[in-house]
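So, here's a batch of structures to check.
Next, two complexes with subunit A in common: one pairs it with subunit B, the other with subunit C.
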Partner chain A sequence: MSPILLAEQVLNGLQSGVMLFLMAAGLTLIFGVMGLINLAHGSLYMIGAFAAAAVAGATGSFALALVAALAAAAAAGALIELLVIRRLYARDHLDQVLATFALILILSEGTRWLFGSFPLYLNMPAGLSGTVTLPGGIVYPVYRLALIAVGIAVALGLWWLNARTRLGIRIRAGENDREMIAALGVDISKLYTLVFAIGAALAGLAGALVGAIQSVQVGMGEPVLILAFVVIVIGGIGSIKGALIGALLVGLTDTLGGVLLPELFKLFTDPASAAATGSAFASMAIYVLMAGVLIWRPTGLFGART
Partner chain B sequence: MSMKTLLAAASLVAMAASAQAEVKIGMITTLSGGGASLGIDTRDGFMLAMEAAGRDDVEVIIEDDQRKPDVAVQLADKMIQSEKVDILTGIVWSNLAMAVVPAATAQGKFYLSTNAAPAQLAGRGCNPNYFSVSYQNDNLHEAAGAYAKSEGYTNPFIMAPNYPAGQDSLNGFKRFYGGELAGEVYTKLGQTDYAAEIAQIRASGADSIFFFLPGGMGISFLKQYADSGVDLPVMGPAFSFDQAILQAVGEAAMGVKNGSNWSKDLDNAANAAFVSGFEETYGRLPSLYAAYGYDTANLLLSALDVAEPSDAEAFRAALKAAEFDSVRGEFSFDTNQHPIQDIYIREVIKEGEVYTNKIVATAIEDRSSAYVDECSMN
Partner chain C sequence: MSRERLLNGALLLALIVIPGWALYADEPFTITLATRAVIFALAAVGLNIALGLGGLVSLGHAVFFGIGGYAMGILASHAQSYTPLIEWPFVIEGTKSMPVIWLVAIVASSAAALLIGLLSLRTSGVYFIMITLAFGQMMYFFAISWPAYGGEDGLSIYVRNGFPGLNTLVPIQFYGLCLALLCLVLAFNARLMRSPFGLALDAARQVPERVRAVGLDPRRLQLVALVISGAITGLAGALFADLNRFVSPTMLSWQMSGEIMVFVIIGGVARLFGPVAGAGIYVLLEHLLGGVSEYWQIFLGLVLLMVVLFGKGGVVGMIAGRRRDG
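This part shows the complex of A and B:
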């Protein structure tokens, strides 16, 4: 395998990692602050993609589509928090899992009812289509570079929000001691709604951005949700830094595993069976990574909880 | 309870029993999740023929397998044991078919495949109660392989998901292509990002691409491929370019060649009636999944005219005779009860605002399946 191909695959891994981060950041934020397991996070990703496809179809503008995705997912998130999630904070995790699983079914079938079962058309803006030649001769799609840039910008923005703003202080305080922050006069329920909406908006943004290069269809969120859970388990539950590192690790392992393992098996066997066995092992790679990290650090890389 | 109400109740029960269908068909197909458009087309095509026949002695029970093998198995058990169906049909995915079909036929039920037809069930695992109305999995890929050879491609890159139909796909392509390959890759089933594979294609020096990625997988790949700057001729089986995929991919699919045993422009009366009937009833163009569903229902109806499923021997013979007007034109069953049919090459075109396919060549005439000799039935 040539160095250029390897470098290109590393970029692909980074790109899938930063998109995963958008999902995982919201999930870990919600879990960290509210102690809530939100299985419906994948549905918010889907809502973002569908809102973007609908608005892009109606107006032809990708920028408006992104705004619509953010707004729709944040609004759906806030509504879900107010109507359903709010009743679950005091319950145990099993009740939360059941209720949010029900939300997946309701939101999926609701979307199917509104938009039908057939995949929607959503394409990237013309300005970001095509490829660019990077130093070293790597030909790479502009849109994927833009995705990496957006991911990094969101990571920086979240860091700034968390470390430098009053909201960030409250979020961190809420993670540590929710009774105390309530006693200090912070409206904890408003804070929860806000955090949930932020998490939802990030998922919606990821859905819209990824929807432009994938298939916008009902149920698109669940495979990503599973990966996002792997990410936050690796990174440590509740840690945004952990979510970033975990997402990049999972993205790189997934991409490079899928490419390198079949190559490895080609040393021992014929190409057809190497391709089949290699890809079978590659789909296990991230779970092996997760198991390895958990053995080494049972609370994840940056997890504080015990 | 007085005698009167008892009698009334009894007569009600008797009435219900007499109104009950004589033949029960269980359709297990994918109606939710990522593969839903395939199952919905299968169901709609099947029901179009059923409703046109207007037989009130046939009842169709439709259930959603969610593309999960365990769900499909539970549904099949329920349909066989408590609903007492005579015939099962409808499964889209080969891994689900492998989980359901052998068990159903072992219990003496008929299974008519509207789509999935894995190699295992066409060769050594063939069964007198199992009919594939669609094809054998390898067929459409074989057509693409034959096309690649006739076009003089010498270095194609081939790719399919890692599951039974994916393996059948690449085997089928290689069987009729028979030359050197630039690369051979198995992707994950349900994979949505193909950046890594596209990078491999770019680096491989391939002169063409063959891929089999049904449903949402195909949409994702084609969109990403169109934007990758790689510009090689693309071919595949019709599954990668079905009606639902084309609308979501748009311009990126134009000109792509694909192997199919059905196309909406196939020139025969049954097909013309099917295409216009489907469009009228459902307001969209039919896909090949709908065509298979429609043919399966018509085959079933033609056999029911001759015999009851309770008389298995006669019913099997009636199915095997295939006395129905297939939308694919000439149609007959080989000894392993898989079709013998022509397989074509289609090209993706735009008709007004709608992307669709038209036939450009016949790839293989009277194609049966590669595994027919391994089947012990004859």
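This part shows the complex of A and C:
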């Protein structure tokens, strides 16, 4: 295997890692502040992608599509928070799982009803559709580099929000002691709706950005949701830093495993069965990683020790 | 308690009367629907032991359901093509005999439950939910990318497997077989709930500290519960694959896990007949609403949302009142 191919795969891994981070950051923020496990986070990802595809189809503008994705996902998030989610904060995890599973059914079938079962396509912006030659002779799509840049920018933005703004102080205070911050005059239910909407907007953004390299279809959110869960388990629930490290680990393991394991099996068996066996085991690589982290640290790399 | 007994009796009676009527009226499709409901109920009884009794919110029970299904698919496909399963170190042939398939399904799914339990029970709460979901997805992707047994397309069997003394191709005979297994497992479950193990498990769910104080290990109790639970769901998986004469990665999908959990919740968590009521209602809704609208799962979602938000205790809970031990 040539170093150039390997470098490309590392970039691919980073790209899928930062997109996973957008999902995982929202999930972990919502869990950290409200103590809620939200299975419907994948539906918000899907809503973002569909809103972007619809607006891009109508106006032809990718920038407007991104704005629409953010707005639609944030609005949908705020709406379901007001209608359903806020009744679940005091409930146990089982009720949260079931109610958000019900939301998946409603949102997925509702989207199918509105847009049909056929996948939609979202074209990436013309300015970013080419490739660029990186130092070392690596030819790489500009759009994927842009995704990595967006992911890093969001990570920095979230850090700034959390560490340097009044809202961040309130979020951190809400994580630590919700009674106390409510007693200090912060409208806790408004804060919860806002946090949920921010998480939803991040998921919608990820959906729209990834929608331009994959097809936009019903059910696209759940595989990503489960990967984001793996990320959170690895990184530790409630930790945004953990979500970032976990997402990059999962993205790199998944991408590199898919390339390296078939190569590894070629050392033992004939190429055809090596490719099949290798890719079958590569699909398990991130879960093996998760199991390893669990044995080493049951609460994740950056999780609170219980 | 007596109201719950009455309800249980009524449910059991319905499981005999409805297919009996269908046989008399010559409606084989109704029998197939009833078989589907009974098999789903069996899978949900399995989950109910982990979820209701053990308090383990497993969102990965499709793993066991699917392993049971693939146990049937793999054994029967080898028997069908007259190729041995493995040749070394000793020859293992495929089989078309249900009891052998069931045994293999139970052993394989409980082994998987043991492995998943050992890893996931290191954690609890929301971690446990995510981890069981993740291991479910792992098996799903493995089944899709493993080409030997059909990969994404799944595996078809031409003829339903046999049971000594019965013609399983006759719908009512296969139904009777499934119902008998469900009754056996329900009887086992009822005994389990009253056994020292069941009581200790119930206590471990409610107050793990006290269980630890009397010298029992809650983790170990939960692990055993998960293995029993996985074994029963695996058996249901083998029957489900035999009903459809088909097994595919869909049986391992997270939606399947969610559905099995929905059966338990709609019916009533930790109630002996909760899964039976839930699976029956699900199959009925699927049949009735599926005919009305292609998008019937919207209604299923709304029903589920209402049950979770406003109707604690599921259908059995609403009719028979709260459990005494709450």
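Things worth noting here:
One rule holds in what follows: the second predicted complex is superposed on the first by the 305 of 306 C-alpha atoms of A that agree within 3 Å, B and C clash if a C-alpha of one lies under 4 Å from a C-alpha of the other, contacts with A are read in each partner's own complex, and residues count from 1 in each chain.
As a convention for this text, a contact is a pair of C-beta atoms (placed from the backbone, for glycine too) under 8 Å apart; a residue touches a chain by one contact, two chains touch by 3 or more.
Only a predicted model underlies this, so the values are computations on that prediction, with no experimental measurement involved.
On the superposed subunit A, the positions of subunit B and subunit C overlap enough to count as a clash.
In the superposition on chain A, A:Pro271 makes contact with subunit B only, not with subunit C. In the superposed model, A:Ile37 lies in contact with subunit C only, and not with subunit B. In the superposed pair of complexes, A:Thr131 makes contact with subunit B only, with no contact to subunit C. In the superposed model, A:Ser108 makes contact with both subunit B and subunit C. Judged by the touch definition given at the top, the superposed model places A:Leu98 against subunit C, while subunit B stays out of reach. Look at A:Pro223: by the touch rule set out above, it reaches both subunit B and subunit C. Legend: residue contacts after superposition of the two complexes on their common chain; A:Leu120 is shown touching subunit B, with no touch to subunit C.
After overlaying the two complexes on the shared chain, residue contacts for A:Ser61 are found with neither subunit B nor subunit C. In the superposed model, A:Ile4 lies in contact with subunit B only, and not with subunit C. Once both structures are laid onto chain A, the subunit C stretch out of 40-48, 184-192, 202-210 or 238-246 that overlaps subunit B is 238-246. For the contact definition in use here, the residues of subunit A common to its subunit B contact set and its subunit C contact set are 108-109, 112, 223, 276, 279-280, 282-283.
The residues of subunit B lying in touch with subunit A in their complex are 31-34, 36-37, 40, 162, 167, 170, 181, 184-188, 190, 192-193, 195-196, 199-200, 202-203, 215-217, 219-220, 223-224, 227-229, 244-245, 247-250. The residues of subunit A lying in touch with subunit B in their complex are 1-2, 4-5, 8-9, 12, 15-16, 108-109, 112, 117-121, 123-124, 129-131, 139, 141, 143-144, 210, 212-220, 223, 255, 258-259, 262, 271-272, 275-276, 278-280, 282-283.
By the touch rule above, subunit A contacts subunit C in their complex via residues 31, 37, 84, 87, 93-95, 97-99, 101-106, 108-110, 112-113, 222-223, 226, 229-230, 232-233, 237, 276, 279-280, 282-284, 287, 290-291, 294-295, 298-300.
Subunit C contributes residues 51, 57, 59, 119-120, 122-123, 125-127, 129-131, 133-135, 137-138, 141-142, 144-147, 254, 258, 261-262, 265, 269, 295-298, 300-302, 304-305, 308-309 to its touches with subunit A in the complex.
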